[in-house]
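In the two assemblies presented below, chain A is common to both, partnered first by chain B and then by chain C.
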Partner chain A sequence: MPTYKLKYFKNRGLAEPSRLVFAAAGVEYEDIRFDREQWQSEKESSSEKYPFGQMPVLEVDGEVISESKAIARYLANEFGLAGKTNLDKAKVDMVVDALQDIAKGLVEMLFGKDEAQKAEAKEKCLTKTIPTIFSALEKMLTSNNGGDGFFVGDSLTLADLAFIAHTDYHVDQLKEAATLSAFPKLTALRERVLEQPNIKKWIEARPKTEL
Partner chain B sequence: MGCSDSKSAQVSSQSKVANGPSDRQPETNNSVPEAESSSKASIVLYYFDVRARAEPIRLILHYSGIQFDDRRLTNEEWGNIKKNGEFCGHFGQLPYAEVNGEAISQSKALIRFAAREAGVLGENAWEIARADSLVDTENDILMALARVEFSTGDDAEAMKAEFVGTTLPLKMARLEKTLEANNGGKGFLVGNKVTHADFVLFNVIETVENLAKAMEKGDMLDNYPLIKDHTKRIRELPTLQDYLKDRPDTKF
Partner chain C sequence: MPKYKLTYLVFRGRGEVIRLLFAAAGVEFEDVRVTLKDWPAMKETDPERKRFLFNQLPILEFDGHVLAQSHAIARYVANEFGFAGNTNLEKAKVDMIVSAVEDAYSPLVTNVWYEKDKARKEAWFTEFRETLLPKSLTALEKLLTANGGGDGFFVGDSVTFADIMFADRVDLLVFHSSPDVLDGYPKLKALKSRVEALPKIAEWIKKRPYAPDFEFH
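Up next, the complex of A and B:
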């Protein structure tokens, strides 16, 4: 087994889908987390380890890739959690890409330019972005064997894990809105995945962070 | 347009069926291997009549000679489709494709699907990951270009300035470095074969070239000779020539 190092901030954020993949697959890795200062000095002292000057990065036996989704997808493929056929893989990709829009909305809401922009972003996120995506995902899930299994095919894939990561809201504003409860199949899927022993173990063990 | 079992598409005007190598005998062998794919999948691609998010899909399919239906919708047709509830794509957005009747949305999922069908995703898991990661960063440039394209008035000038002054140099420098590190920039972005990362970059550069022309800044890409060479290399791929000649000329 190769040596894996995943480097990111002290958040769940964009790295969490990859961490969930490691957890689901039961594969050991080094979960490296930097605070802002450490990141600044890392960037300067080891820039070759950060090809696009960003995190997360994945180091496999010393070789590096960036881009959170490319990393998650690579790991999912390595561990058989990516979908079996080309069409299934496309469906997994589709779910993961759509979920990213939630993350984007969240960023705009929390880190917008000024209060007005943040309020506008929050409105858009809660009344439009998230409900639209959840509605589409509920439909997609339901069309897969009635929605009582997984997003794609008949086993756990990155799509399900990314879904967990992107609905993990400890942010107060979103916890209240809790729009997931309007979608029964999605709600049940989340509970089902969280009950899987490997996932449950990780959720209990991982650092508790706001984002 | 319908989902799986339904009615045939009413979308008329800009439907073009792309032809594969069975209709043309390419002179050179571009060594497109038999992809272990959904052999002879029926693919109908729906998008607007622009390059933007769908062009890499079109390029990849034309490059590899995979037949597909290239539906280009007007805003009106798109409005009608959405209104009539015929739309089967998941997120109310284009591009979206019907593959053997199943709906797949999200441009990057479709780019990757096409690349896998065409055997141009990358030769091993690591190359695939590197190509994927390049596509994500190239997509950032496309998003920035979209902001430039769709901003108006004062905003437009500010967007252009930010793009030309900050975004473009930052991204181009990294991509130039990536090319240099791979066979001295004499080939492709990843490994020894073309991948979806090359087609996505090509599409982005075409839009940058248009922007440069519009801004009368002919030297916008002069600091990136390897990228310029790369663009030329993709532009000259033999199996792309017919498509490049015939396709609609679009700014974005």
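Up next, the complex of A and C:
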């Protein structure tokens, strides 16, 4: 087994899907978390380890991979959580990319330039982006054996794990909007995946962070 | 071989890398192009979103399947026809480069295409030209050079999704900065020429329909 080092901030954020992949696969890794100051000095002293000057990065036996989705997909492929055929892998990618479209709106909602922009972003998220994307995902899930299993194929994949990581923000930052309430299969999927022993164990053990 | 049907807008935009991958693979596909004017009516032909799954383009249809999300589609085509990288690690490096090119180009869409406020647009452009773009190109030049000196391709020893994505999207980056911006990044500049000289890609570039992308802002 190679040695894995995952480096990110003291957040769930863009690293959490990869951490969930490690957890689901039961694979050990070094979960390195920097605060802002440590990151500044790390960026300067070890810039060759951060190809785009950003985190997360994954170090695998000396190789460096940057970009959160590339990392998550790599780990999923390594551990059999990526989907079995090219078509299944494409469906997993579709789910992950669609969730990211919502995430862009959430980031603007939380970190937008001014209050007006944040409010506009929230409105767009709640009235357009989330309903469109969640209804497409509900349909996609339902079309896979009635929707009582997983997004793709008949076992857990990165699609389900990315969904968990993403909906943590719905459950926290968008709590009063109850964004999942209109989507019974998605709601049940979240509960089902959270109950998987390896996932449950990780969620109980992981550092509790706001984001 | 399935019959592939790609539906996208008349632009190069998020669809062109998929078209280029099919071309590079020598695989026929139906290249459906929709004008912005016709897109709303087309959406209305599919009220249950059986085709336009996320209410967006591109979509790829084949053998009764529908795929959406441009990168998911592109990566599917790349994987099917051998342009994705050969090992999981190579695929990860390809994905990393693709994401980085996307990060460099997609803010243009938000801050140029959709930004109505002229002052905000100008301020962003300055940041783009002076900071964001040089940062991206420097990092990409470094990664390319790290692969055996940089006179081949981004990953491994043959053209992948990463090279094609870069060669296609860089035109917009050049257009919004300066015509000679790549002179500062000689390996990237040579890579673009090298990709566009590959016979099947050169043929596609020569015969592809005109796309009014650069007039769109």
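Here is the rule we use: the second predicted complex is superposed on the first by the 207 of 211 C-alpha atoms of A that agree within 3 Å, B and C clash if a C-alpha of one lies under 4 Å from a C-alpha of the other, contacts with A are read in each partner's own complex, and residues count from 1 in each chain.
We take it that a residue touches a chain if its C-beta (ideal position, glycine included) is under 8 Å from a C-beta of that chain, and two chains touch if they have at least 3 such contacts.
Note that the coordinates shown come from a computational prediction; the quantities given were computed from them, not determined experimentally.
With the C-alpha superposition on chain A as described, chain C and chain B clash in the combined arrangement.
Of the two partner chains placed around the shared chain by superposition, neither chain B nor chain C is touched by A:185. By the document's definition of touching, neither partner reaches A:122: not chain B, not chain C. Of the two partner chains placed around the shared chain by superposition, chain B and chain C are both touched by A:89. Residue contacts after overlaying the shared chain place A:19 against neither chain B nor chain C. Once chain A of one complex is fitted onto chain A of the other, the partner contacts of A:166 are absent, as it touches neither chain B nor chain C. Residue contacts after overlaying the shared chain place A:7 against neither chain B nor chain C. Within chain A, the residues touched by chain B in the first complex and by chain C in the second are 51-53, 60, 63, 65-67, 69-71, 73-74, 77-78, 86-87, 89-91, 93-94, 97-98, 132-133, 136, 139-140. Put simply, chain B touches chain A in their complex at residues 37-38, 41, 90-92, 99-100, 102, 104-106, 108-110, 112-113, 116-117, 125-126, 128-130, 132-133, 135-137, 174, 178.
Chain A contributes residues 51-53, 60, 63, 65-67, 69-71, 73-74, 77-78, 85-87, 89-91, 93-94, 97-98, 132-133, 136-137, 139-140 to its touches with chain B in the complex.
Contacts from chain A toward chain C in the complex involve residues 51-53, 60, 63, 65-67, 69-71, 73-74, 77-78, 86-87, 89-91, 93-94, 97-98, 101, 132-133, 135-136, 139-140. Touching chain A in their complex are the following residues of chain C: 49, 53-55, 65, 67-69, 71-73, 75-76, 79-80, 88-89, 91-93, 95-96, 98-100, 103, 135-136, 139, 142-143.
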